[in-house]
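Shown next, in structure tokens, is the structure this report addresses.
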Amino acid sequence: MKYEPLSGREFPRYSGIKTFFRLPHVSLNADYDVALVGVPYDGGVSYRPGARFAPTHVRQASSLGRGYHWSRAEHLWEKRKFADIGDCPTVPIHQEQTYARIENFFTSILKSKNKKFIAVGGDHSITLPILRSVSKKYGVLSLIHFDAHLDTYPAAWDCEYHHGTFLRHAVEENLVDPKNVLQIGLRGPLVGKDDLAFVKKYGMRSTTIDDIRKNGLESFIKTLPKFTGPTYITFDIDSLDPAFAPGTGTPVVGGLTTYEAQIILRSLQIKNLVGADVVEISPSYDHADITALAAVAVMFELMFFC
Amino acid sequence: MKYEPLSGREFPRYSGIKTFFRLPHVSLNADYDVALVGVPYDGGVSYRPGARFAPTHVRQASSLGRGYHWSRAEHLWEKRKFADIGDCPTVPIHQEQTYARIENFFTSILKSKNKKFIAVGGDHSITLPILRSVSKKYGVLSLIHFDAHLDTYPAAWDCEYHHGTFLRHAVEENLVDPKNVLQIGLRGPLVGKDDLAFVKKYGMRSTTIDDIRKNGLESFIKTLPKFTGPTYITFDIDSLDPAFAPGTGTPVVGGLTTYEAQIILRSLQIKNLVGADVVEISPSYDHADITALAAVAVMFELMFFC
Amino acid sequence: MKYEPLSGREFPRYSGIKTFFRLPHVSLNADYDVALVGVPYDGGVSYRPGARFAPTHVRQASSLGRGYHWSRAEHLWEKRKFADIGDCPTVPIHQEQTYARIENFFTSILKSKNKKFIAVGGDHSITLPILRSVSKKYGVLSLIHFDAHLDTYPAAWDCEYHHGTFLRHAVEENLVDPKNVLQIGLRGPLVGKDDLAFVKKYGMRSTTIDDIRKNGLESFIKTLPKFTGPTYITFDIDSLDPAFAPGTGTPVVGGLTTYEAQIILRSLQIKNLVGADVVEISPSYDHADITALAAVAVMFELMFFC
Amino acid sequence: MKYEPLSGREFPRYSGIKTFFRLPHVSLNADYDVALVGVPYDGGVSYRPGARFAPTHVRQASSLGRGYHWSRAEHLWEKRKFADIGDCPTVPIHQEQTYARIENFFTSILKSKNKKFIAVGGDHSITLPILRSVSKKYGVLSLIHFDAHLDTYPAAWDCEYHHGTFLRHAVEENLVDPKNVLQIGLRGPLVGKDDLAFVKKYGMRSTTIDDIRKNGLESFIKTLPKFTGPTYITFDIDSLDPAFAPGTGTPVVGGLTTYEAQIILRSLQIKNLVGADVVEISPSYDHADITALAAVAVMFELMFFC
Amino acid sequence: MKYEPLSGREFPRYSGIKTFFRLPHVSLNADYDVALVGVPYDGGVSYRPGARFAPTHVRQASSLGRGYHWSRAEHLWEKRKFADIGDCPTVPIHQEQTYARIENFFTSILKSKNKKFIAVGGDHSITLPILRSVSKKYGVLSLIHFDAHLDTYPAAWDCEYHHGTFLRHAVEENLVDPKNVLQIGLRGPLVGKDDLAFVKKYGMRSTTIDDIRKNGLESFIKTLPKFTGPTYITFDIDSLDPAFAPGTGTPVVGGLTTYEAQIILRSLQIKNLVGADVVEISPSYDHADITALAAVAVMFELMFFC
Amino acid sequence: MKYEPLSGREFPRYSGIKTFFRLPHVSLNADYDVALVGVPYDGGVSYRPGARFAPTHVRQASSLGRGYHWSRAEHLWEKRKFADIGDCPTVPIHQEQTYARIENFFTSILKSKNKKFIAVGGDHSITLPILRSVSKKYGVLSLIHFDAHLDTYPAAWDCEYHHGTFLRHAVEENLVDPKNVLQIGLRGPLVGKDDLAFVKKYGMRSTTIDDIRKNGLESFIKTLPKFTGPTYITFDIDSLDPAFAPGTGTPVVGGLTTYEAQIILRSLQIKNLVGADVVEISPSYDHADITALAAVAVMFELMFFC
């Protein structure tokens, strides 16, 4: 089994069955190092749905993906065995079942000692059950969280688990250590001042767009901590500005450029990335695939931490 | 209180707060005859979501609506007091709560002896709780059901209530009399032969596109029964061909033209229409509002039965 | 000067400066027989604007145009000298000036004894000043009017000249003979019964979609009168159903198919077509150019009457 | 009367009749502090029309609006009584009537001593009659003008009042004091050198993109004057780059990012904002609502000056 | 190996790696009965390109595909072993290489005595090399050809093999017997009368839209011959009207409805279908996937002949 | 002959036959100084096609073009005689013929001693035959190359001449001097380390986005060399970020803003620009014309070097 993209000599980039980065589609139990996997569930969104179609959309756009990182001077396919293991089972209209399926599925991946994964959502509510399975293996995690939103919001309509609460639960369930949470890309408006209470109470590092732009990107990067323990990255595509990522469910203007995201991702010092996800891509609002291409670029950076 | 559309003299059709047919936005308890009401819930869909945005989308398109029916030679605004009562409360990520809210809301409308309504979904799963409240008042109902799909399908993922089961439940809960069910616009493919078992068992009148086109529209119309008891019409926009209604969740080619739907609707003989809905309009897949305009045309025909 | 389309041998259909049917762009005074001409004015619309971009849009789509009519077995470029004379001068924000410019421009074309034209609007308000210049030369005209709307509506906001009044003025100004007006494609809903008063009063032949479909297209065609005097055709693209012509300003569902329009156009018996127009194409609502292609097909049929 | 947005507990953000920021729709004479109001007129545009649909489009996008400003640490709904008063009456095809209606309408709002407003156009020609009513009350105004264009252009086709002349007239009619005009976001190309004559002659402060970017945003902000007298802000969405605001009539590349606009707006020192508008949003060219969302973000900043 | 679609119980229709009809992706040499295969080449088009993306686009849309044919009362997955064998190798910028690869690839499929295939193009130029491999095995073929165009056109720019010449070459190379060619969906305009010379010379059965509509679909169907020898069907999606199939390269208005195509396909009497293709789907011009869904419906009918 | 844009007094910017910048359409042999010319060929692309429609698309968008450069304080139409000479002949499906036609065509332009041109592609493979004709006249050229990609890639599928090889061939054929090649906008990912071998071997100046952003735009500009010999500029629109130029064939995130491109172009010191092109605009992926408008802005800057 060669863990390499489909050969362009036979199959130009527009052709072939679409998998992430044109990599082999293998079963969960194959001997890959890093699984690329879709989690097509959007039952937790409060505004524009559609992220259920994101894995398909991102697989297609990733046909333009390549393996060599110019500034890192490293080559993905030489570094690790990456594979597409298809989608995690989900139930479109039943969150509890979906959560159970997600947790089981990722637990299965992580049974193999060194296997890692990068998941493509789905809305941000999928991150919680993933974190549950990751934490089961690795204990309390560090978390790097790119987002326009805090995602520590309270229950809505008595529903604890929507796309804006994953982080609150992850902290309350002791899956992540709030002292080792770094939030990037946050910006207002907020519903109210109370939105900030949770991150303040727990002492999270919640940085805003202003923090990044005030003194320039390089300065910002220098302020970032090192991550030495088991670390998870969750990248909500709405951390990017809608000009760069229109295809998302709850867009907020004044966000990151894709370039800023790339530079920040490249500068992160992470000793042990144990998993990652990219979420909230809503294809029916995308145009010319630019949101999907941004997601692919994020995946590319994430893959180098594996 | 004048139950008339916003005056075009002051506010051209592109202007003003958007309500159905530019009618007054009143409270549930106002003294209208017929409520136009949105039910923005799409948590029951199995493929393309987005019908939660349909009430907004249809309100906009209905700005082009007018009151006089050329072939009926009747005028809506002179006939009945129509009003927009806004949207029924819903919960995007909790079906049970949504069902309860829908049933309560429509029960409240129907408390007034003669009040009727035309609802705009939402996916087809909203029809069941509506029928529950209607049947509570009127007993077992006759049903006219426009759809590409049978909607008598079994549970999926142990979920009884998705957008393809409303009719099975309506029959099983004795809300509608299967002998007085007329289905129009059905067509394949089906998952299997068993899909037809339910309608056969209950002796429903399930007509297909072929039934309409084989001998011509006029012939088909002549075969239709009269509806003398309390009758409900549910119009799934996917009964129309995707050329006429691209903006829907599970489109099926080979469907009705909008004209055929208009003619069939005009020919129906219904003594007592007690309520109606138009469902499964998915705006992010619509183009130039043509699906919404088709929905508005359907509403227009339905309003003459009130 | 060869009045032939740009050679595809040198310039494939996607290439070259875009003119109608890839014909030479000549000055108003050149020795063509039939001018194809744009009238990019949409200041008379009451809903969706954008028809000002229609001449450009239709020129592009007409790159797929060809010269030979299969059922007529005739060839356009062998029959007459057709040319693109560019656009009529207009003023986007001043109707009176625009009307004067249109009337002057078309009067200039018609100075040459045998010159004819096919105009591409613009909204339907452009037809009135064109008719004024045509009638100046030919006297009272016969008119064939394809439209979803009657266009005999009253003034709106004290504005006599909007896109729904051209026909009323044409009758009142004695430009067309109401007894020799044939309307095709009409359908409701209407604002009120009074909408029909004008056509009834003047005894116009106002046929509806029902008239066409009731007994079939062939029967309908047989009922159509012959046109022996100087005749003008105005084709509002919204006579077509929105499935066939989404790119228009005030779409009405339940309309003609493009095929029906083609067959009716082919069946018309016109001894002396003195001019024609195709109006109300709104490109920003078109998709895959299908509305523009319908307009090109209509132009193609019209050209054979010249 | 509570001047608060519709409760999300009953009506998720995708639901309900669409008003600006989901605020109550009240009559012009209600006791709000600040009116949010649409002015749907685009009869003054010279290129892409469609801004007539902007109030509807922005109302929808504003469903994602919230009340708390993170960097200001202030809450809109606690600060002032904001309400949606619907649209100003307009006439699509008659500028003079529209101007009269706009002036009357805004004069009516301003009759109440402390009432303010934020208007959503419409094209930029609507700003002149608004300024007339504002100046009637407050005298000569200071003006902050975001735009890619100077809008001091001469008459076109003998039409004095098009979307590129509002500022020239405002100065000539002595509605604004040219010494207290600040233009932000300007950039070429221009028709000719003479385009600059007016602003030079009157000594306006006309800053370009280069002025903002040369020494960085912070430096630029420091150069800005304080506004102590009655001040009006007009924000042409085309001051933003087309990547951030594609949905506009005459886009110019090389413009502001939404973030730059936000930061500049936040830094403005205005003692007495008496009114504001956001104009030139053309929905049929928008994508994924990103232009509308930018407009909502601008409104949000403007509301804090009220 | 089960030749059945992915189970919806685990993977709802929006999820999973996209293959045709969610069938297993197997190698060319697997023991399927009928291969579904993409041929992503569009180097032969003269106008809108993009058909290279059609296999991906159709695979996605085919997620809505099901197995049971209502009017045939037959079930695909019980009838034959269908599988997706991926795409045929192609070279985007070299026709000769592509033709060789296509011919080799299909020859390989046909090596197994009973294997059949349904190919999804690609532009219509791909049909020629496919026919070469099919004819190598089966001798001179009968051909049923759905198209708006004759595809017997001469070379263009000295290029013999473009998307409008496959049939001329197929006849000239004796791959198909012109007496057993049936063309369906043809319509004008044509470049000239000579366009018809080829089909007349060879006595092909070239039926037009008029032939279908003149006396009604049922009458037309009765005139169709039976196909007793080895038969190939090529379905150019532009045989459908642009309202039903906007996503194509050279759309022609006045075409078939999808329903007409379905009925004609169902009525064909073919003893031995040896292969088939669906071509000219251009995804970047498709909307809401309606063209792809039409292609899936055509594939569904074709699969029942296998 | 006046080499000035169409007068807006008669023909508003949305009207008239579309030429580049509304300039006169003249023959290749007219006495213009600088030809604006389309080269509509996209047969060399490996992913998204469609650049064949770019000349038409850019001509349309250039209607918003103006002549006066604010920061240069110069006026194009007073400086040189610019004209649109239409499109270069091409063959959609035959690269060799197209290359011959392009080389002939540009050689014909350059026969006149001082004539220059700005070409609008087409994909990047068109630059090679253009460079051949330019080099024939001027000898070895300096080259400024804006691109996301190196375009020094090896043959693909034994095809030497695709859209990623023009620069390798230009160097190998000694058309450009690698020491005088400046590449701007480059960024990863790459297929492999070897991608960089060619530019390293030849000592090209290949600058990346990081080079531009690390120390700021002004610093970067200061590092740029002067161009004293005959110089050619080729601008691949994908040097811009997909947010600014979605309409392209192989988009790469993390690219230039249009403003950065403008500033760099303005800062270039070129003594003798002998020709230029703008390539890889793919209209069917453009939105609201923003990519075309970026291309027009690039052309505008290029025209000042002529």
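A few points about this structure:
Read from first to last, the chains carry the letters A, B, C, D, E and F; within each, the first residue is number 1.
Rule of thumb we're sticking to: contacts are C-beta pairs under 8 Å (C-beta built on N, C-alpha and C of every residue); 3 or more make two chains touch, one makes a residue touch a chain.
What you are looking at is a predicted structure, and each value in this text was computed from that prediction instead of being measured.
Least step count on the touch graph, subunit D to subunit E: 2. More contacting C-beta pairs link the chains of B-E than the other of the two pairs B-E and A-B. In whole angstrom, the spacing between the mean C-alpha positions of subunit A and subunit C is 54. The mean-CA centres of subunit E and subunit F are about 39 angstrom from one another, to the nearest whole unit. Note: centroid distance subunit C to subunit E, computed from Cα atoms, is 37 Å. Residue numbers of subunit B whose C-beta contacts span two or more other chains: 12, 14, 46, 48, 52-53, 91-92, 156-157, 241, 243, 285, 287.
Chain-to-chain contact here is organised irregularly, matching neither a line nor a ring nor a star, and falling short of all pairs touching. Residues 10-12, 14-19, 25, 38, 40, 52-53, 55-56, 59-60, 84, 86-87, 89-92 of subunit D touch subunit B in their complex.
By the touch criterion stated above, subunit E contacts subunit F in their complex at residues 42-46, 48-50, 52-53, 91-95, 97, 156-159, 162, 284-285.
Of all residues in subunit C, only 8-9, 12-14, 63-71, 73, 75, 241, 243-244, 257-259, 262, 287-290, 293-294, 297, 300 touch subunit E in the complex they form.
On the side of subunit D, the complex with subunit F involves touching residues 46-48, 156-157, 187-193, 195-196, 208-210, 213, 241-243, 246-247, 250-255, 285-287.
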